[in-house]
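Below is one structure. I have some questions about it.
By written order: A, B, C, D and E. Residues from 1 in each chain.
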Amino acid sequence: MSLEVAITHCFGGFQLDIAFEAPPGLTVLFGRSGSGKTTIVNAVAGLLRPDAGRIALGDQVLFDSQRRLWQPPHRRRLGYIFQDARLFPHLTVRQNLLYGRWFAPSDRRPDEFDRVIEMLGIAPLLGRRPGALSGGERQRVAIGRALLAKPRLILADEPLAALDEARKAEILPYFERLRDETRVPILYVSHAPAEVARLATSVVALQDGRVSRHGSATDVLGDPAVTPLGAGAAGAVIEARILRHHDDGLTELEAAGGLRLLIPTVPRAPGTPLRIHIEAQDVMLATRRPEQISALNVLPCRIKALRMGNGPGALVQLDACGNLLLARVTQRSVSTLGLQDGQEVFAVLKAVSVAKGAIAGGPEPG
Amino acid sequence: GQVTVFAAASMKTAMDEIAPLFAEATGDTAVVSLAGSSALARQIQAGAPADVFISANPGWMDALEADGLIEADSRTDLLGNSLVLIAHDPQATPIEITPTLPLSEMLGEDHLAMALVEAVPAGIYGKAALSALGLWDGVAPKVAQADNVRAALALVATGEAPFGIVYATDARAEPGVTVLGTFPKGSHAPITYPAARIRDGDSAVADAFLAFLKGPVARAAFERQGFTVLTE
Amino acid sequence: MSLLGPEEWQAVALSLRVALWATLAGLPPGILVAYALARWEFPGKQVLNGLVHLPLILPPVVTGYLLLLTFGTRGPIGAALKEIGIVFAFHWTGAALAAGIMAFPLLVRAIRLSIEAVDPRLEQAGATLGASKLWVFATVTLPLTLPGILSGAILAFAKAMGEFGATITFVSNIPGQTQTLPSAIYAFLQVPGGEASALRLVAVSVAIAMAALIASEVLSRRIAKRVAGA
Amino acid sequence: MSLLGPEEWQAVALSLRVALWATLAGLPPGILVAYALARWEFPGKQVLNGLVHLPLILPPVVTGYLLLLTFGTRGPIGAALKEIGIVFAFHWTGAALAAGIMAFPLLVRAIRLSIEAVDPRLEQAGATLGASKLWVFATVTLPLTLPGILSGAILAFAKAMGEFGATITFVSNIPGQTQTLPSAIYAFLQVPGGEASALRLVAVSVAIAMAALIASEVLSRRIAKRVAGA
Amino acid sequence: MSLEVAITHCFGGFQLDIAFEAPPGLTVLFGRSGSGKTTIVNAVAGLLRPDAGRIALGDQVLFDSQRRLWQPPHRRRLGYIFQDARLFPHLTVRQNLLYGRWFAPSDRRPDEFDRVIEMLGIAPLLGRRPGALSGGERQRVAIGRALLAKPRLILADEPLAALDEARKAEILPYFERLRDETRVPILYVSHAPAEVARLATSVVALQDGRVSRHGSATDVLGDPAVTPLGAGAAGAVIEARILRHHDDGLTELEAAGGLRLLIPTVPRAPGTPLRIHIEAQDVMLATRRPEQISALNVLPCRIKALRMGNGPGALVQLDACGNLLLARVTQRSVSTLGLQDGQEVFAVLKAVSVAKGAIAGGPEPG
């Protein structure tokens, strides 16, 4: 089920005019503060009626200004995780969590409740009221409430911003599972490059109320011309499969063209597809195969494109057995090593650089 | 000069006529404050700047006199009134009010509208009259007591109560009711409206006003309202 | 008790009954009207708003008279209701109706103020979770409006305990049926020397209202504490 | 205008003056008492709360009588005030006092409800920025309470326009001095044939109150819009 | 001016019992959601009166339960950036920003207002009211409001969580300047390792209402035994000075023992002290000096300690001319290269790895 959004809306000084199609899976909306992310999410939720346009989820039209169609929010069956938690202050945490259930079709999975509260670590809070929760606790309850409403569409507006890294690491896999195991489309607002890289099936970049770039995560993050999350986020996404597990805690992957990679263990069965975000700044280039070095991945590549930045850096697009890789090096290194288009080089990549956060279950073909 | 008159509210129409005539005749002005006799009397007790008090019943005038607040010499019973039995039905035929009047039967399940029988003069007189006629016990449970005569009259006028007991002055001007009969004089204490000058008041103009009230001009006005003028 | 005579105790009981009914029966329409005024836009909204406030503006006697004209047994509504066995005239229900109508503006204002203070973002959250307007109202707006409802109810109760002008004009004063405390107090004040008797009834009336007031404070504090979290 | 006689216009003007003063002069103590009831804990709080509600519970005649006893020229407070040149008895100021006291519970309730709805976290934010309790009140609590103050004020104004029982009992019904619209209406209703005249005055009274009501709605909508942002 | 906090407080099930001293500069509080961070900040602000303890700022006692001392919040002259923005809804953005000024001593710096609104990018919002701002806009106004109150103590509860990376990068230097140029102590709650590494003078780690670790940023982040922000945050902090700027956009630094480093340009004058956070996972080790490689920094070091983790990784503590460095490598590399204590190795570090976010003005000696 895919979500089509094409709307224009005007708030005083701010003009929103966007159109995109979110394929099944998780679509990340990102852009600077005030670029219109929450406005779009509100329009999809039905909390804001745009001036004009059309919003459709699969073959169900949620809004169509020409046909004067408008579905009220409660018919849309959403799970909206608000930027501000918006818990019901008069209900206990448990009642907040179960609120959406009253209105949802009866349960396929009776243990869902326990799974969600365990994942979110909110079991001790169930009897309390939101007024006395900490910021992060509140946000976790809000996530739980949305997920437990058995929505047909999940809207998440910076759901993890208030959480610590450890908690994020526990919740991210849940969004991955939602993305991969269910047909529920997810519209996800995030500022964090690691989250984007890990979760996004597709990415919509916004600038001043307009879509500045839209495509698959691989495309957007791998395009050296676009580093919309800041230089730090440039990187390539490689689709690979687990080949085997080594007993010193490393997992060997195979990507297109037989490219082999070693990364820290991924607890999945061999054969599982994976996608790995390799940040450009984690990749070194060498013109001679380096030896006696701790980096475990030394990949022979060919330079496809060289792009000098304004600053001291250069972004090098590499072809490693048919896989796209990006490397960020200094312009000084480019000239010292005499790098040029078409040259054969070695990309040097540490196994541990592939951080936990950047390894994700591969999206189902969809 | 100016005279401030505290008069029972039921005298509004008469006072509205008399005050300009008084001004015309004497060059003095009369300012009339109309309210319930009880309220006015209490205000006088509390030091109100009244010069003349006209009460709708002797009780409050007695109370003021006992407190020494009025000039006893100036007190006169200005007006008299009579009590009538009224009906809502325009076709009702006049009857004589005697101890044999089957008032209770006439009422059936319905109510007899009166003013408060323990508190408001019209009610007090009415209860006394009915008791004297031996009718009270029969109708007591069916009496709907209003807080003043006008409200009792309204109950009959709207048909909410088929019968009521009010002053003749009130009944006369209300087209929605028919007077069935007048209570015999002896069945209740005489209905009088005493007037008196307040002790602290401005005596000259007050006396002039009291005199004017007793004069022919005022008498005509009172009689138009249906009052019996008791002064000579 | 020897403090009051049996007829006076009757008046106390009746006043309580009248005030309770006036308040309770006023709540559902009060909440509805308050919600409509707070959240809806419709033609005639200002007319409705004016109507609600009318009993406050008009002298009570006038209100009572208007009630008599409409809800009396010969009035357009009164006659219709009589058909189905509902009688207001000269009945305690009429006293409750008069008290309820006099208290209605107070009830509506308090509730409306509370509804306006409910964060609409919470109602939106309810809607996204699948609750229809009515459900959102019942599960979000209404519970959050409780302090205002309580506040309005206690105002209405106090007003109903004290209401007199409209009541006596509409249903007059029939001991045991429509004689409320205020009518009894009024009657005592009409005669010289009645002050002492009136005072005893005033004391009873004040005691009842104070008890209700304190109960409502306790209740409202409990509600506030719950919402603040604990 | 030929609609009303000169004496009646006087009553209209006086009623307006009385209602305005009752409302305006009631606001400062009303806000103070509402704040105290909403936010402070002190001994005698329930007594204060009860006192505020008293005029609502008591029949207006009783309130008027009590006012007469205390603020009359022979009353303990009235006599003292007279020394310093303030007179309430049989003066329009007394009518304003009576109307103000009758309207006070309505004023206080509305404001209190609004104060209770102010998020204390905003007040905390004000405190951390250096504002003392009083400043926080003036710059945060009070502006956020405006809707409630407006609401309370309009209720009080309407009540003051309609108040009659306490006023006539306290300051009598002296044309040009203490004869307000409701007293004039009352007087008309006491005599045969006065209904038509009473009705004209009722219409004027209702028109004034409606105008005030609509003005307050417009104002309060403007305030709400400002706070919602735009 | 330093801040001493030693308090106990009990909320229903939650027990806070902490004591720490925050030296001048910026002290980061971190810990998982619900560990008590906001509670501590509220106690310092005077919004919560702890059950017992003492809080003092310099020689001014804010709270002392034994001496029954308590300063109300408005006397404390704070700038508190709340976790929820708490803007005044009835005031415009400009009025919100100026709120604290009414109560502050008159201005030393009349241009402060313009500087702050420019840094926060909120100039176009000045006439608006908070109700219509986006989440990030609101948070920026809240930051501005606190900073403009001329506080003697800044409390910042996750001030940047709602902001995009680019905006964060603009605001972080301001906090650095505050930390370095003024004597205002800052208590700063953050979950983001990059912020902690960059800003912290000292770090207080909380766990379940207790201080689990407290020390200077260098100590806490450089200790391989403590990686409280998750493995990703382990890294060393090196204090250096700018030596010179090269014209290909690189800046050369000199650290203790004459250690030279090349990093992307830092726009400060030569001689300026800097501190650099070098994440352990950005450092490679080689037993022979690698050649023909893009990495510009190849630093001879000696292994001081080797610490095997539970997973496939190992953390190697290095001494580079007296500077502490951390490298995270795989255990396989440890055995392949035969690494051991005391061995001389080369640490290989890309210039571009030293991300913008991790370079900070060095703290003044405090």
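One rule holds in what follows: a residue touches a chain if its C-beta (ideal position, glycine included) is under 8 Å from a C-beta of that chain, and two chains touch if they have at least 3 such contacts.
Quick caveat, the model's predicted, so the values are computed rather than measured.
Taking the definition of touch as given, a chain qualifies here only if it contacts chain D and chain E alike; none does. Separation of chain A from chain D in touch steps, taking the shortest path, is 2.
The leading chain pair by number of C-beta pairs in contact is A-E. The greatest centre-to-centre distance from chain A, using averaged C-alpha positions, is reached by B. The most distant chain from chain E is B, comparing centres defined as mean Cα coordinates. With each centre defined as the average position of its C-alpha atoms, the distance from chain A to chain C rounds to 57 Å.
Note on chain placement: the centre of chain B and the centre of chain E lie 90 Å apart, centres being C-alpha means. Taking the mean of the C-alpha atoms as each chain's centre, chain B and chain C sit 35 Å apart. The distance from the centre of chain A to the centre of chain E, with each centre set as the mean of the Cα atoms, comes to 26 Å.
Multi-chain contact residues of chain C (touching two or more other chains) are listed as 61, 65, 164-165, 186, 189, 230. Multi-chain contact residues, meaning those touching two or more other chains, occur in chain E at positions 12, 84, 128, 132. Within chain B, not a single residue touches two or more of the remaining chains. Applying the touch definition to all chain combinations yields A-C, A-E, B-C, B-D, C-D, D-E.
For chain D in complex with chain E, the touching residues are 121-122, 124-133, 135-136, 139-140, 143-144, 146, 226-230. On the side of chain E, the complex with chain A involves touching residues 11-13, 30-34, 37-39, 83-84, 124, 128, 132, 134-137, 139-140, 157-158, 161-167, 169, 191-193, 229-233, 246, 248-250, 262, 264-265, 281-282, 284-288, 290-296, 311-313, 327-333, 335, 337, 348, 350-353, 355-357. Within the complex, the chain D residues that touch chain C are 46, 49-50, 53-54, 56-62, 65, 105-106, 109-110, 112-114, 116-117, 147-148, 151, 155, 158-159, 161-162, 164-165, 182, 185-186, 189, 198, 202, 205-206, 209-210, 213-214, 217, 224.
Those residues of chain A lying in contact with chain C across their complex are 45-47, 72-74, 76-80, 82, 84, 86-91, 99-100, 102-104, 128-133, 145-146, 149, 155.
Those residues of chain C lying in contact with chain B across their complex are 61, 64-65, 68-69, 72-75, 89-90, 164-165, 168-169, 171-174, 178, 183, 186-194.
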